[in-house]
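What follows is chain A paired twice: with chain B in the first complex and chain C in the second.
Coming up: the complex of A and B.
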């Protein structure tokens, strides 16, 4: 009996930290989303959908698009690292592709601001190469900038997971397909990717959830409407002290993130079955 | 008939970094022949198979199929299909998809693929398993799926990379015969890599023994077993007893001088190019005849050693003796057991005594020592 008490005593500090710093604030926020001036009601959600339906769609479209592009890019990188036959090119790519992982989102935002602006480095380069005139230059600092920032920052992370998984599959399965006449692309898409599908999905889901929570990139690159939910939450809290709507927006973000987490759970259950 | 050089290798060499893996491989394989590439690990047999398959470009020499140079053709343009040691089945595909993938790549219509896959399944005894994934198959079934996948594309040449080594010992024995029967029925040319001497003997028309990247001997199973071309081959084919003798050729005979452990004797030369001097003598434990020294031995052509039994064991079928001959120990089998400590004569008939002019210390002797060590344990 005393051993059991001792066990509980040992777990208590960790439990207390989780309960007071994570679970309690989460419940309070969730409850707060349904409170308007002390009374329960749907007021915050009605206001949220009135003001921010466009932003919710904007967020979903940007993150889904980014996730798809990250998936394609990381398959391409992992595939080249696994199937590439030019050792020098493979070594260079292996060394190069991880760098963005170590750069914080805020710095990514800063870099891309100077790079993608109307008179930024990208357009200046095109103009000086004579590929376009200064009049045709347009700013990419809108939804496209956010997508570029997300893909640039998150691809290395997913590519790292995917390349690791690809490196650990039985190489004979690749050679067996080559032996039967499969092209590199078919080997990648029909033999390699299916064998790393679970790792790829997990990487993309983790990336999806990370992108849902990034505030600095939309603030730096897309300081206009529509914008992403994180920017809206910050705006609601900082400018209006309106925690009710902020909580409602937070809950919507949570539901969006949970939807992909649910896919992940289903996959892992299916794997075990 | 393309008896001569349906598949031929000439001067093939391969290096891995600064290591020479294969040197000067010349080999001609007839259509429908079953050839076993036999050797210990690291001898280059798998490298040779991968050169044939097109996964490795040889650093010299060429590979020809029907007199067509295929040395630098990609793997799928050579009419060869490879069965991997690990089977390399695709875990995300069903049995039917695995077998049919090669046909799908060739753009064969779906209905025809289904028919060919079904035919392949019934040929290999895989009926009813088409919807299973490889993870739900037994080792023997996986091996047959791997074989079916290779055979489905109707290759002219089947390359087998130790396909039986992952099977249970009992299944392996029956699969040997099934595989050989299938190869005969289909009339396909097969090249089978193995490190298992017995497997090579029972399956192959011809055995090619590789040693350190060179062909040590190529011949029928009877040839390499009874007329080994070198001490290495003799040791590899089970003649693990090794002794040093001295002798001189005289006429058709090779006269062996009496030594500390052996009486004088002579054996027919039978075309062997033996020079006078020290020779390395090798023989199998099962080729010997043991008798006690006080018996009157009826001795034919061959040589007789005298020694003392050091140990005896019963591995089944016969008694195996470790006999001490002076400094060395040999193994000898007999129908009945001789007590340890008893003085015995060991007779080796002429046709079972392999003699080689010993030059530098042979690598073969290390094999002999390792094997006899195992028996002591």
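Coming up: the complex of A and C.
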């Protein structure tokens, strides 16, 4: 047996698992989205846009907002870790920011549900510090809760990637700009961020796709309407056994996720050209 | 900038302290809140802290009918089986990707990323339908297969990196003194790759332990697992049981992540995905 054939034979079982347990169901979902009672048609999409247009917009707004906030927070954290001059402060931040990274989404949903509730620990602390009165306390368990949960959980991951990329930048340009009198903020935005743009985009796209697939956070933090597409898909399947509309919703979230990836591909191709 | 040279520099600790304090509050506040819930006997509005502390919820959770023991055992069985199956698939695949000439090597590596790069909810919905047809829905092997498809990217990518980090000359030396290819692999290559393979096993184990969506569609309600117990307890308003379950899921994640740096050395890490 040639080395090539041997190699393919060794890789084949693992690839077969991906093909049969992911790619096949993915194709089934794309085909199923266009199937209405055995025939092909647009029925599922008409029903989907009738019932869920608001939820589609809600999902897009929440995920775009979360992605922007995660981007800003990661640049701030990475920037401080790279440009910060006080070693103790940098060490504190490095120790502090990573904690939420390995906490599962389902746990994030549960702990933020108790933390952000109307009588949760966040409001209680602000009240006891005298920053607000108990009457002003409001529940954050709506769209804001989902955004907070996503930013809380995903920022460390993107910040880790961004900080790693920033650490490998050539320090000479940074020192030169600082010597010429540029402020740290200007150095960060005009010299450091452009050099880590690719890493930042990759991290944000991975985050975007992850947030598109999370079911537990919307189910646990925001059970009312409007809600996110993942919660709608679960509801469609569990309550009505309506796979047609569920698949149509799935295809829409797939299109949203791929459009982001497509934008990234266009940018990186333009840069290379 | 610090020290007696510039006394004003100490003032920088005021904004730093406020920002780090706020960050610490938002990061550790929810975790501390969860810990309080696990030992709260009585806690209601408008009290900021529990009125009574105790371990009665722990007794309830671990009682034979509490469901936690069954969920914990199921979760551990599924996670261990997922590790075994993933490594059985990833060790040959990783070795081939690292050592043998493969056509379309980078495409093959990317293929394992697909389950992480697409929103996977609809996929699980359709897997549940296929599994229902062939009798795998609601069984432990069914849940294991779903977790394997999702964890394979860690297993294959890290195994590939672990095998490429090994010096080829060590294998050639073994072959030169008469060892066969299988013996060389068993006695030289595999032990050298062991720390990297251990790291990939840890990633796969955690991924399986924490997985909710696939278990929800393929496992529930027949196969009870910790994330499902957490979800149902939380949905029923039983925050004590939900918080104890959350803690059970959290501890292995934190412990393993502290350990993983020992297994995942820089020489392997720098080769991941290449």
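Everything below uses one rule, namely that the second predicted complex is superposed on the first by the 253 of 273 C-alpha atoms of A that agree within 3 Å, B and C clash if a C-alpha of one lies under 4 Å from a C-alpha of the other, contacts with A are read in each partner's own complex, and residues count from 1 in each chain.
Keep this in mind: contacts are C-beta pairs under 8 Å (C-beta built on N, C-alpha and C of every residue); 3 or more make two chains touch, one makes a residue touch a chain.
None of these values were measured; they are calculated from a predicted model.
Undergrad: Report clash or fit for the pair chain B and chain C bound to chain A in the combined superposed model.
TA: Here the two partners, once superposed via chain A, fit next to each other without clashing.
Undergrad: Figure out whether A:219 sits in contact with chain B (first) or chain C (second), or with both, or with neither.
TA: second
Undergrad: Looking at the overlay, does A:97 come into contact with chain B only (first), chain C only (second), both, or neither?
TA: In the superposed model, A:97 contacts chain C only, not chain B.
Undergrad: Now for A:194: first (chain B), second (chain C), both, or neither, which partner does it touch?
TA: Only chain B; A:194 stays clear of chain C.
Undergrad: Please indicate which partner A:253 is in contact with in the superposed arrangement: first for chain B, second for chain C, both, or neither.
TA: A:253 sits against chain C, while chain B stays out of touch.
Undergrad: May I ask you to name which of chain B and chain C touches more residues of chain A?
TA: C
Undergrad: What is the value, to the nearest 10 degrees, of the angle subtended at the Cα centroid of chain A by the Cα centroids of chain B and chain C?
TA: With chain A as the vertex, the angle is 90 degrees.
Undergrad: Which partner does A:7 contact after superposing on A: first (chain B), second (chain C), both, neither?
TA: A:7 sits against chain C, while chain B stays out of touch.
Undergrad: Between chain B and chain C, whom does A:270 touch in the aligned arrangement: first, second, both, or neither?
TA: neither
Undergrad: After superposing the two complexes, find the smallest distance in angstrom between C-alpha atoms of chain B and C-alpha atoms of chain C.
TA: 8
Undergrad: Show me the chain A residues, by the header's touch rule, that chain B contacts in one structure and chain C contacts in the other.
TA: none
Undergrad: Which part of chain C faces chain A closely enough to touch in the complex?
TA: Spelled out, the residues of chain C in touch with chain A are 1-2, 12, 16, 20, 23-34, 37, 45-46, 48, 89-90, 92-93, 95-97, 100-103, 108, 111-112, 114-127, 129-130, 145-146, 148-149, 152, 156, 206, 209-210, 212-213, 216-217, 227, 230-231, 234-235, 239, 242-243, 246, 249-250, 253-254, 257.
Undergrad: State the interface residues of chain A toward chain B in the complex, per the touch definition above.
TA: Going by the criterion above, the answer is residues 170, 172-173, 175-182, 186, 190-191, 194-195, 197.
Undergrad: Mind listing the chain B positions that touch chain A in their complex?
TA: Touching chain A: residues 53-55, 74-77, 80-82, 84-93, 101-102, 105-106, 149, 153 of chain B.
Undergrad: Once bound in the complex, which stretches of chain A touch chain C?
TA: 3-4, 6-8, 10-11, 13-15, 17-18, 21-26, 28-29, 32, 85-86, 89, 92-93, 96-97, 99-107, 109-115, 119-122, 124-125, 127-128, 134, 152, 206, 209, 212-216, 219-220, 230, 233-234, 237, 243, 246-247, 249-251, 253-254, 257, 261
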